[in-house]
Amino acid sequence: MSTPVSTAGTAGAIGGAGDALLEVTGLTKHFPITRGIIFRQKVGAVQAVDQVDFSVAPGQTLGLVGESGCGKTTTGRLLTRLLEPTGGRIMFEGRDITHLSMGKMRPLRRDIQMIFQDPYSSLNPRHTVGGIVGAPLRLQKVKTEKGIKATVQELLELVGLNPEHYNRYPHEFSGGQRQRIGIARTLALRPKLIVADEPVSALDVSIQAQVINLLEDLQNELGLTYVVIAHDLSVVRHISDHVAVMYLGKIVELAGRDQLYAAPRHPYTVALMSAVPVPAPVRVDGRRQRRERIRLSGDVPSPLNPPPACRFHTRCWKAQEVCRTQEPPLTELIPGHRVACHFPENTAASAE
Amino acid sequence: MPDTLLDVADLRIHFPTSDGLVKAVDGISFSLERGQTLGIVGESGSGKSVTSLGIMGLHHGTNAQITGHIKLDGEELVGATPGRVRELRGSKMAMIFQDPLSSLHPYYTIGAQIAEAYLVHNQVGKKVAHKHAIDLLGRVGIPQPASRADDYPHQFSGGMRQRAMIAMALSCDPELLIADEPTTALDVTVQAQILDLIWDLQQEYHSAVIIITHDLGVVAELSDDILVMYAGRMAEYGSAEDTFDQPGHPYTWGLLASMPRIDEARLERLVPIKGTPPSLINVPSGCAFHPRCRYAGFTGGRSQTEVPELREVSPGHLAACHLTGDQRRKFRTELVLEETEASTARMTQGEA
Amino acid sequence: MAAPLDVAPSGDVAPEAMLSGISAKAIEGRSLGQIAWLRLRRDKVAMAGGAVVIFLILVAIFGPFLVQNPDIYHANLINPTLSRPNGPFGGISVAHPFGVEPVTGRDVLSRIVNGARVSLLIAFLATALAVSIGVVMGIIAGYVGGWVDGVIARSMDVFLAFPLLVFAIALVGVIPSSAFGLSGNSLRIGLLVFVIGFFAWPYMGRIIRGQTLSLREREFVDAARSIGARGPYILFRELLPNLVAPILVYSTLLIPTNILFEAALSYLGVGIIPPTPSWGGMISDAVNSGFYSIDPMYMIIPGLAIFITVMAFNLFGDGLRDALDPRSSR
Amino acid sequence: GGSGGSGGSGGGGGTATKASFNAGVTHVVNPSNHKGGTLNFASSSGIPDSADPGNTYYAQMWNLTRLYAMPLMTYASCPGPCGLKVVPDLATGPGVVSNNGLTWTYHIQPNVHFEDGTLVTSQDVKYAVERTFDRSKFPLGPGYYPSLLAPQNATCAKAMAAGKTTGCYPGPYVDRSKNLMGLNAVQTPNSTTVVFHLAKPFADFNYVTAIPQSAPVPPNKDTGANYQLHPISTGPYMFQSYQINKQLTMVPNPHWNPATDPNAKQLPSKIVLTFNVNPNDVDNRLLAGDIQVDLPGTGVQAAARTKILTSNSLKAQSDNPVSGFEWFMTLNNKVPPMNNIHCRMAVEYAANKTNNQTAYGGPYAGGTIGSTAAPPNVVGQKHFDLYEATTKSQGDLTKAKQQLQACGHPNGFSTGITYRSDRPKEVSVAQAMQAALARVGIKLTLHGFPTASYTSNFAGVPNYVHSHDLGITVYGWAPDWPDGYGEFYYIADGAAISPVGNTNLGELNDPLVNSLLGKFATENSATVRNSYTSQIDMQIMKDAAFLPIVYAKALLYRPSNLTNVYVQPFYGMYNYAVLGLK
Amino acid sequence: MTARAPAPHPVITFIVRRLIATVFLLIVVSMITFAIFFLLPRLAGQTTRGLASQYIGRNPTPAAVHAIEQQLGLDAPLPVQYGRFLRGIVLGEHFNAGTSKAYCPPPCFGYSFKNQQPVWPMMVSGLPVTISLAAGAAILWLVGGVAIGVISALRRGTLFDRFSMGVALAGVSLPIFFTGLIALELFSYKWPIFPNVQFVPFTQNPLLWARNLVLPWIVLAFLYAALYARLTRAGMLETMSEDYIRTARAKGLPERTVIFKHGLRAALTPIVTIFGMDIGLLLGGAILTEVTFSLHGLGLFTVEAIQNQDLPEILGVTLLAAFFIVIANLVVDVLYAVVDPRVRR
């Protein structure tokens, strides 16, 4: 892959309006927490997503990784406007869709689609496969040349399902097949952008690869743009062109895939990568050995009151006073590699 | 074998149901020494949990039909009185479960639940048991164990709950510890913490550990030996190095090939195993894997008709496959080549 | 090989099908409803209950055409001084297989058959009313949430706080024999249906609200929204079909409750206007006239009718629940 | 049969007899003066209105109040026709009439004491009468005094003529002047004399003073609406405790003097009344001897009836008197097509009187099939049968059809029948009528109403009746006193028709009936008055305004340990004032 | 994430909030009740005159009707009447009893139209009966139902299970007045094992109290025990398949401990909720039972009130019942928060 990612500057400037299909600046979502005896008042907010910037060029895949609760799904749902952003801006094809009403958003839904994590809950068990995959066509009143049924059967074929399964119900399918049905539904409207929220994490290992390959093939065939959300760093590496690492509602590092995996800069990214178990036993003298890794202590803090300044400082082995007082901006250390850290790692490597 | 703690021979666990006999475990043999770790891997439904519950004697009261031998420290558990097995449970063998939230009783404090395990097997007072529980919580790395012991499970984070489960399992210094997917519900960083903890504790107590997972990375980190299960049967059994370096069963190959890996060069394309796992009621005839095996055609039809025996593919390394040694070497080499030189060429559906 | 777009062979088995133990061939092309029906069919007790229910419905619809006029007096079958039927067991005979009523000598069988019509009519209508209000309110509360949910949930609390029976007898008592453009039994039936249905809906509402709340979290709702579905589409096309199972189950369980309720109201003297028979009314007559202890059949026959009906509905409802709720099949 | 018509041996105390069926109708059973024991009453309801003698209108209560209240006059304590006579009670003799029938003077016994020992004076009697003027406090009792006594002043006189009460005496609680004694129509020249000044002559005034309302009330002990919880006794017993609708316990009144009250006895050492007992339970306890009297005196339920009538020994311990009630239906004179006499007569003929009787419980528990508007224990009643009620008791369909023809509805018509839905017998008779009239094509729709609002909101509201086409009304009546006026005024006089709470339910307004009733007030000759009674009765039946059902009878059971048991004919039940225990 | 409750006393805030909500709820309930009994009949054509004349004896004169109208305050506009009613409950009210003004202390539910006695004391005097009835039956059905439920769950599919579930279903399917009358007929009259079902205050004679109430208790409990047996059975079957039961077994706990300490403990929690609701709603059952057995409790009081169309009594008893229901729900919620540590709001 050669196209460099067009990362948005802090001010939201991008190379050119035509460059990015999707451009996100300062995207923020706070869920209010209310309490009260008679009248509920707001006592705080879950800062699920806080000041997130990124952009995705057409035909590219952006991977979004991070631990549970860091705001990945929320970001995805903001992008598809299933949630109303608290702040920031979402530009799609140069158009501001941040606060579009449901009605205005409706035609745009053809272009922005979402694949959901759980293949069991994302398909309505009471509808047939044909009904599910054809629903977008009916709802958007898309005129199809051959009629809805034929179109749907084509889609089924496209995702590798038997078109004769048109009248079957989701419960008759395995997890991988269901995920394919979900993908077929997503494709029905020929979207430009697909946000995939953990598309494979509910699947068995042996099935994961089938779905990943399918997504890749579809991208090549249909020129799709993906935002893929995952917590599995290896999957993200496999599928993405660019990767954004999130921690507690913020992007801490954003870079091209190879750059990031070769030389992660943010201590959190480093720790995250070293925590991934590798299917290759380490043996010394025939005795198994522990793999060397950076151990992070403790859990992710609550997004209800995240640590001030650098949100990672509570678990960071390099943390110093400045980390507790000053929030590190997401700066472009080297071209195409942005990090939000006062003391980034691997700086020597990048200097090569 | 000098210090064999657990010896399982030809274990079969069948469930008669109205739809037929579910052969959840169908002829499993392995042995485990003190201080050693056995990893059991396999897809969902391959019988991993049923095996572990069988060893723990937790099928008592269900309609499970258990045959074969389970010898713990020389004592036969199959057919032993429920009372005897109960005595051993918790004291000599203990178990950690996948989902720590649902595995902890929601209405009792963590401390009380740990103390309870200690109380039943030791003639001590409540106070002593409670102190012991606090000790254990400290040992598994819970900060401020004395106050956290009075918390309820829902007040713990996922990682802490799993630590509490481990503390509970360790309360009577068991000689055998079975961990059934101990980290599946956890984030990578927390998973790393827990794996470290299990490692450390094993060093400390010199106990035997069975770790069950479908994540090959996890077994690679911890195990001395690995048992690969498929459809209730053993597919492969050998030391960790052998299994990862020279896997002897096409199913293991498939698993390895279908995983995107972070420690190796990124593949352009993953190689999935086709199809879905089989039903345990209608296990495919012959080799249960044959419908999904790309090499089934090379066995002269035996794989459809004949259940493959476990054979040594190298000393101490067993695999249940009809392929000859030569075939196996040849196909394996081809596969590795295919993987590494994975073409970027478009794959079309016709190729299937 | 290594086909990414590998199609599972048609004989392939879905994992859930494995879990629920239904073989691949059996489920081919079957909806959840059909599967539930398969399960239900295996439940002999529930099927027996269902058969009785159907029989009762048939009796209620066609029975009155087959039996004699329930209002005809047979004074000749009554002992003039004691007013009780001649002969043992409430005057059971070939002509009157269930005997005759004391005082009037009316045929008990034909009154039971006609009573089935009234009792079932009220129970069904009241259930329909409760279910429709409950479903609409529950689904709206659960899906819309926010203050709408607050208002609906609070009003459910208010309704649940009413002592229903007290209320029903008092209310039926204060409404005259003709009001709101209705009179006689149509008014009375309307009133009973209204009172029972209108005050029972929150039970349904709560269940539906809870179910909707959990369904709302299911991703298919988001999926529908992400393809541009509007509120009504989601409510009625996405959520409602998934609520069919609880609605069906709780309706079948609400019907017997309502049958008993009607009986209780009749027992307390605010039921159907005579001479139209209803089961509760027949028991009430037996008790209030004091004849039940000298002519036990007078009370036992309608009592048994209620018992069998309620039991049948309950058995059928339980079976339906087991069949529709996959969790219970484990 | 067995109406208390004639043939009674007469005489004061009656004669003792062996226990046999109906022995208590004509004789005192188990006469005894044995003291002690607890006398248990039970009732399937509560006290129907009030225990306050000034606020009650029920026969059972008039009977019961004699245990703790002495009105000026009362009915003689004796079985048979003798019991229909009014005799002095607190008074020393019947009222003395003067001033052309406008002034009635009573002298009271000088040595009667309240339960607290204070002497009863004429002022206490006057006060009791004054209380009855406060209809908001005492709405349940009869309203004879306010309507019969001379108006308080000219304003009141004018107002009364217009059916209002402005300027009239408002009762002692509002008019607190003059030592609480503000009613000028009653005078107490001395402590033993009460003088009543009437607005018009009223020959039946002795009957009015026989209502418990004339029983003395000490003004300083009056607690208004709460007086019912403990009326100050002048009778042989006084209240010990009373929980409304639950239980009333009475104990002997130490200041009662048997010499001043020959109509009552003080035998049991305690009297307990339990209310709201399941009706069948009442009977079971009665038969088991756990209780001795069923307070309402309307007879046992079907189950016990069967037991009693099928066992000779039990039957010997029971009585089957006429209760004084008549159950009937009124046929409305105003609701078309029933305003046509032929239509009414068609109903008379078409009704199945046997089924109606069965609906009420048959010949024993229900009563004898009636053919006249007045029951036989009204003095002067004579038997006649205009509509073949007793001769063709199944109904005469041919004649009914002829009448329908005459009425202009040869194929029948439709109308409504009202009844009290909480009274099974009325529900039953309405259905019997529906079935019977259907035989000639008359379609009857059933309209049941709760007793509580029957006359106040429905059957007794002519407007309602007219607008809902309610042609037939099921009702029952017992006279306030046993003569034609007491029987007929409220149910048959055109003047008694009122817009709410109407009791002349058929809206009969026959000039002949009205004028005969008017003559009662001034006619002092008993024979003449008795002839009026039968004339009115005949005229009502000629008008086909009433469809008699039964002369009510009650099957009463008297446990063997009960002494001095006999049926007091005016109340139609055992005389509660004289009962004792073995 | 740890989900520790940030508020200091979540249970207390919760209770306060629920109490306030309860008061609101009761006001709304009283308003609706008032509207239904005072307004609805008027809409259906009843006049105040008609209403007033219900409370007069046989032959009301217009003057008497008017007097009653005034006395009962029926002539005032409905909102005024309602305000008076509310004020009476909170502050009490002075009533004209005749000779003097009677003070009806709060909670004053007004004076009975029928017998001019304050409603509240009459209701209170019925309480011991209804409470005795409810308490005895509740204990009976709770203990019996839960025990049968547990055994059935543990012996799932056995004869005992089938039989007891069959009986349970019968219990739910039989009208209470039917079973009550049959029980009375058989055990009180035919074979007088429990003769004289009659209320004797507990303080007076505990033995007689219990003996006399056995029959009503059993009849009332039969209806509910059935329900509870079924609920317990379902609950036990569900909890016994929970993961934490497996954990308990894995610890080597004796089966008894597993069943009772771990299984039943969790299975009982939802039963507590339903129990609370049922206790609150028991007036319904009490009406039928009390009518059947002639017990002078609130249930019979209610029926009397309705028969007499005594509006203050009806209003009072409706509100009292609503109060019980609401309070029972409140108690249940609080109990739930105490019993189940996960519930914190």
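A, B, C, D and E label the chains in the order they appear, each numbered from 1.
Methods note: a contact is a pair of C-beta atoms (placed from the backbone, for glycine too) under 8 Å apart; a residue touches a chain by one contact, two chains touch by 3 or more.
Predicted model only: the values in this text are computed from it and were never measured.
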item	value
Any chain that touches chain E and chain A	B, C
Per Cα centroids, the chain farthest from chain A	D
Inter-centroid spacing, chain E versus chain D (mean Cα positions, whole Å)	40
Distance between chain centroids, defined by C-alpha means - chain A, chain C (Å)	49
Where chain B and chain E are represented by their mean Cα positions, the distance between them in whole Å	54
Inter-centroid spacing, chain D versus chain B (mean Cα positions, whole Å)	93
Sequence positions of chain B contacting 2 or more other chains	44, 157, 160, 271-272, 274, 276-277, 347, 349
Chain A, residues touching no fewer than two other chains	160, 174, 177, 210, 213, 217, 299-300
In chain C, residues with contacts to at least two other chains	3-8, 12, 14-15, 17, 173, 176, 292-293
Chain D residues within the chain C interface of the complex	279-280, 301-303, 305-307, 309-310, 352, 354-355, 358-359, 361-365, 421-422, 424, 427-428, 430-432, 434-435, 445-450, 457-458, 468
Complex contact set, residues of chain E against chain C	21, 25-26, 28-29, 32-33, 36-37, 40-41, 44-46, 169-170, 172-178, 181, 185, 189, 241, 281, 283-284, 287-288, 291, 302-303, 306, 309, 314, 317-318, 321-322, 325-326, 329
Interfacial residue positions of chain C with respect to chain E in the complex	154, 157-158, 160-167, 169-171, 173-176, 179-180, 256, 260, 263-264, 267-268, 280, 283, 287, 292-293, 296, 299, 303, 306-307, 310-311, 314-315, 330
Residue ranges of chain C touching chain D (in the complex, touch as defined)	71-73, 75, 78, 80-84, 102-104, 173, 176-178, 184, 269, 273-275, 285, 288-294
Chain C - residues contacting chain A, complex	3-8, 10, 12, 14-17, 27-32, 35, 217-220, 222-230, 233, 238, 241-242, 244
